[in-house]
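Have a look at the structure that comes next, please.
Chain lettering (A, B, C and D) follows the sequence in which the chains are written, and residue indices restart at 1 in each chain.
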């Protein structure tokens, strides 16, 4: 999957977006700075906003701002210096249009009687609307339009005892996917939903425990990887040690297989498997399943590179960087006039004619979402002189929307939902098109095949087999989530 | 009262600060712009932040920012243009140190089932801490540290029917001073507390009703003054007309007499009396009560000017601008080194030696708070060559703190609480010192005298006679209002 | 003269604008901060931009920014802290539309062989265009569109010896009005043109000499006033002492009489006369020359206040603040829709109906420029219920443009150039109108009368008698000053 | 060469920096936007600032700001919209510390008699200091500290006829490397120095001619590549057509060979050779010259990738992405405490342990500058478990500074200047180290070998053979370039 689309497009509408990265550290004198670094390593999971909350001498200190971690916490501001204290949690956010208000930037915070709690959440609740409606009816006042705030209200209203029990009580009421970290004056808490849809790992640095969405956030600060938090596990660190609970009804784990395909960083190891090696294995499987008679293997940069290397090695066809990516592409750019737009501006990618001219090319991309980007890339490669273009995709056809923490278009905007393979090949203009099979994908991540009765991963975007109930999809939602708009 | 103090001081610690101005308009196509203009006219009531919420086609639109109205809604931003819709309310805010977080900028907003409500509040609740503690215990999550949010939570949790009844239900639970305006999708509501401590007037423009803290906010847009909202009155405008209620237990009105002395703008008419004329009358009373044998009457600018004119006319001593004020003084300025500080920099006021040299001077100021400013002004006037300095104050000695919406120092920081007149005269370095008497003040605002059993005004800062219960002062407050600090 | 006009107008087109204030200090460890304070006191002479250049250890350090002094050098920026060194000069700037580019903000600086020079200039050259054209023809490259830069180029190209001689050589070639301060690595230089059109005073603080446009800039830092720099004088301070030269052909001094009427701060003493007292004397003269049978004397605030006091005292008619000014008016504000504009918004001034209703009023203003503001003020006062309005102006009719440092409209936009008194009275809608006579004005500033053959002041804006040659007005100017536009 | 070094370092002191990219277009209605896009494609040549000057209806319009092109001309500002007109030139800038003042941002502009000229320059003059000193002595006033301004002053002072002749006259006086574009009201001019050290290509879009540093700037807007501008050529476009001159003494061309190694974008074709293919060829030569017995070929990302691919293909050793780069690394980041710094934070690169553990690795980088980065990368790869590390460098040892437009450290800071290969291998901690030979490098770019008597390229950084005179290096420079410091 790539973000090319309209070269002027701001929000890369043809890309799937992970919605969050989380990080937490307990009992380290550099907690704030380490959390900033951890979020920097997790920047790929959310680029719209970032926030850190530390706890210091009776106060929670928050710095939550729109932008990239490096910009928010750059040397020009006091934001990093303000984050005093030995405990910290942080959050990177991607948000859908309309939900970008500052009030939605996490970690969210609530004063409770005698204390406070900050929460950072990766995932998506599937009964948030239903719960929110009920809470508003009961007089709850929401600060944000984030589903995460539902967890906070349920925690605040829980009749249970200590705050961990309140939080567990709240989580028992929510449905959906969540990997979350929470901070109180005395505790750092990490939780994964019973299916373990989103990743969450445990690390250690100088004796201080760390939670992070991916292991690359441990690497950046030289922390040691300890283990994955287990699906349904609640891990609580206090000054006196650690406790682990499994308070929820046990489920068969269903880790998101798309984390291996696209979301996670290639140098991360999540759920026991290195992401780069998984992607290469997908490329190899793809070469075996759907070979192509070609001169070059060309990745759609950057996400297609590992699969293209695997394909190249298995097929024994040279791997070449035939498409160059401009790494300075940001989120804003000039508003093009019609006169400029028709020129077919190549702001993000440029094919290298010297490499491609007269060659039969295998293009490798991680996925096809709407297909508009693939179509443009193919055209670009043909314009550069390629004599044949074969398209190989490192995931099965994406036919269904995700409701567990990934921003996907409505299924009718998904090319694979609307067309069969042949139609898609015609639409994007290739000589041949193939996707990896579901079994091939499972083989690449270490399974023998996909067991339709008990699949080991969440693959709902390919299969439509949704493991977790989706209450909000079932009810007739009326009205809007909030009546308040904050324009600037 | 003046803001001179330390010439580098940012927050003018020797000045009393009004905490808010409010404005609302219902059913005018320029509602947003008119509210901005109204807040601009009310800028003297709060200079730290301003906000406007409009309602347009099913959505409330908020622009709430720190700074002066003219800066926030200047041509360089889209803030004003964003405020579409025919209904609007707005708020100017002064805030005490620590409470300046953006989340405290009003109007506050809450989604209710099936709608929303925005509230802007001038005044101060005296049982906010007690109510908030109880609400947090019941699971309420506060967005701000503002006392106003208590009203919103009580409204949201009220079991009563339509939103006006919910709001009245909430207000029945609060104690303190409030003049507030509220906006829903269908209603504009204006309320004054049963004692009518803070002002609130009703105006009309092109058939659209307007609420404003002072009449000067009507003048700026050419609106017609209709009447004062009465103490304890709830006025509700809908498309279909207006309704007025008196749902609270009736009280003897106690309008804040300090509004006449200092807070209100001189061109405003509040509670039936023009402020400029009231101040001149105070000056005349003062001249009769405490004459001085002098050559010149000099106001401490700008607030002392009307009383000085009244004094001058009654005493037949020439009025002169012997102290010039620099109107470009803002809230931030260079941090002075000790080397600079010792120079006695006169950033805000400068005496005019040519006018003062060799003259016997009567200085007129509106009040004395800590006395440090008065001391510096007197010294400055002596340095400019005045041969005698007689100080006359247009209010009785300020001996008590205000809990009804004015930011006053602890009473032990009030000069008049700690010293008698003679000691004060010595402290500020004058040849004679006199304050207007309580009866003189009442005469100046149209009463025969102050009736100690049933005073017509709230004069608690002079008399210590607090008309409204102060629950939060009575309980032992533990802990802090919020555990969250947002530094930047 | 007032700036009311269109209440939304940004640039107060009906007001005359002084173009600059200058300040310099030599050999004080707080030179940068003291210069900032001095500029703050001179803020009324230019509000568009300000700059300070200090010299420290072999380098000149510049901070030149758009905005008010207090905003530019506020605590939020490092601008003040950066200005290290014991020598400093500074400049406040007002600029006409189109000339507001950052590159025009003074002090201007040039590297010379073996050193550098910074210059800050108050005034206007009348042969700048001619000199610039010649310099460009000779290969000079201009950084700015400021006339001041001509002086710098002439200095750099002078064949004379030390830098003071070069500067004098340059100044001998320019015509026009200038009070300027210059700083080199070893010298602080102050110069006034041979006619002394603009003010420049000398002060002393802790042994360090100071130049400033007005004495109020000495007062703010507690510096001692020494004397006015004389017309045509060049004063040079070095570590070793002071030298004074009169290198130019001697002229009869012609100090700008409008400085007394409007430009200078009332607490300043310039050319031996206190401004406030001068204005009061004008008011007294006016009362004798053109009395009015009225109940109240009302100043147009703030500039009309001293003359109104003088009129009130001489006429024995009570002085009242019948028009209240909003001191929060800034340079930017919402762009009004037509719907709002027609309402006759009173953003800057508001009449006090309680004071004016039913009264016969004498309005006092300092001058009439275009007349549109006066017309609106008069209408406003009538709307507030005044039964008669008599207008008295504290200057003679302004019939001619200024070319010596004041931004005036083209003479055809000056009401008094186009109409006689009677027509003007009708235009602005008053019952009577009178201006002070030229002789009356001269009496108020200490002369017996104006001697038409040798007037003591520059009064060209009233008389058309321009003392200094205006070369640029005589030649046919072709083309534009610069071909470069920097929009943002 | 990589920018890793201190992971917190702002300015990547261990990287060579190209100093500029230039672009110009003549007679296209979207000139401003197209120039912005061209600069965006050339962003790798300078990331500190960017500027565009257009010509429209008698005026030159400039937008010159610090930052990346995408940020400067993003949708939030009016900068792009302001650039009206059909002619435009633009410039990307990298600058050394101390020279980052806004006044140095190009294109520079000068008013000439009857017109104006804007100039954008890639390269570096080697007699700029000498010329500047002379010019200042003659009264020239410099706006900037840029060497480019010397060209402007010489142009302005030239006694020759039309502006093109003046410019040629100026260029005849300068020494050094330059590829520049200039714009007047009627002409677009492109020039390369007689040695053709820096690239400059000619393109065409909709009939409008374009100059650009590299062909990738043509690709982004869909323009057609026409040809390289020849060394010593002056190309002038007017409405009436094009003219080409060779006014300078002819020299043997010496194109910078480092453009192929590192500076140019891989998808560019400069001087008739595709950069990506050249880099791959270097890798192949390197594999032949200095093979290694290893399991994996690992590029130091991103610049080492093409050479690593060439090496991998020639050596038949698998290419793997064993080091992952964080593409969100920006120029500012938190200032690390000592406590954080010692952790060995990996902000920019992270090795992938799963790929590297137990493997014999060939690391490929484009060059070694100071060596500190290479040392850290090697340590990082060893920490990740590599059993052997062989380092191969795609350029000969960098032993000399560049004076022709590349920011290099003093030669004593260059590792290869201070150590032999063996010492270097020990310093960076590798099992073997090899650089490509000079002849191998020449073979990779199409020559048979390097002819020491007449080398086809400028390779002074490797050979010390400087083709162009370096006057400023020979004279004893006294004093500083400018005495002015603009801190903010």
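We adopt the following convention: a residue touches a chain if its C-beta (ideal position, glycine included) is under 8 Å from a C-beta of that chain, and two chains touch if they have at least 3 such contacts.
As the structure is a computational prediction, the values presented were derived from the model and not from experiment.
The chains in contact with chain C as well as with chain D do not exist; no chain meets both.
The chain with its C-alpha centre at the largest distance from the centre of chain C is A. Note on chain placement: the centre of chain A and the centre of chain C lie 61 Å apart, centres being C-alpha means. One simple way to say how far apart two chains are is to compare their mean CA positions; for chain A and chain B this gives 50 Å. Between the CA-based centres of chain A and chain D the separation comes to 36 Å, rounded to the whole angstrom. Residue positions of chain D touching 2 or more other chains: there are none.
Chain contacts here close into one cycle, and each chain has exactly two touching partners. Touching chain B in their complex are the following residues of chain A: 58-64, 77-79, 82, 109-116, 133, 136-143, 152-153, 156-158, 185, 479-480, 482-488.
Chain D makes touch with chain A in their complex at residues 10, 29-30, 33-34, 36-37, 40-41, 43-44, 47, 68-71, 73-76, 80, 205, 216, 219-222, 265-267, 269, 274, 276-277, 302, 305-306, 309, 313, 318-321, 324, 326-330, 332-337, 339-340, 343-347, 350-355.
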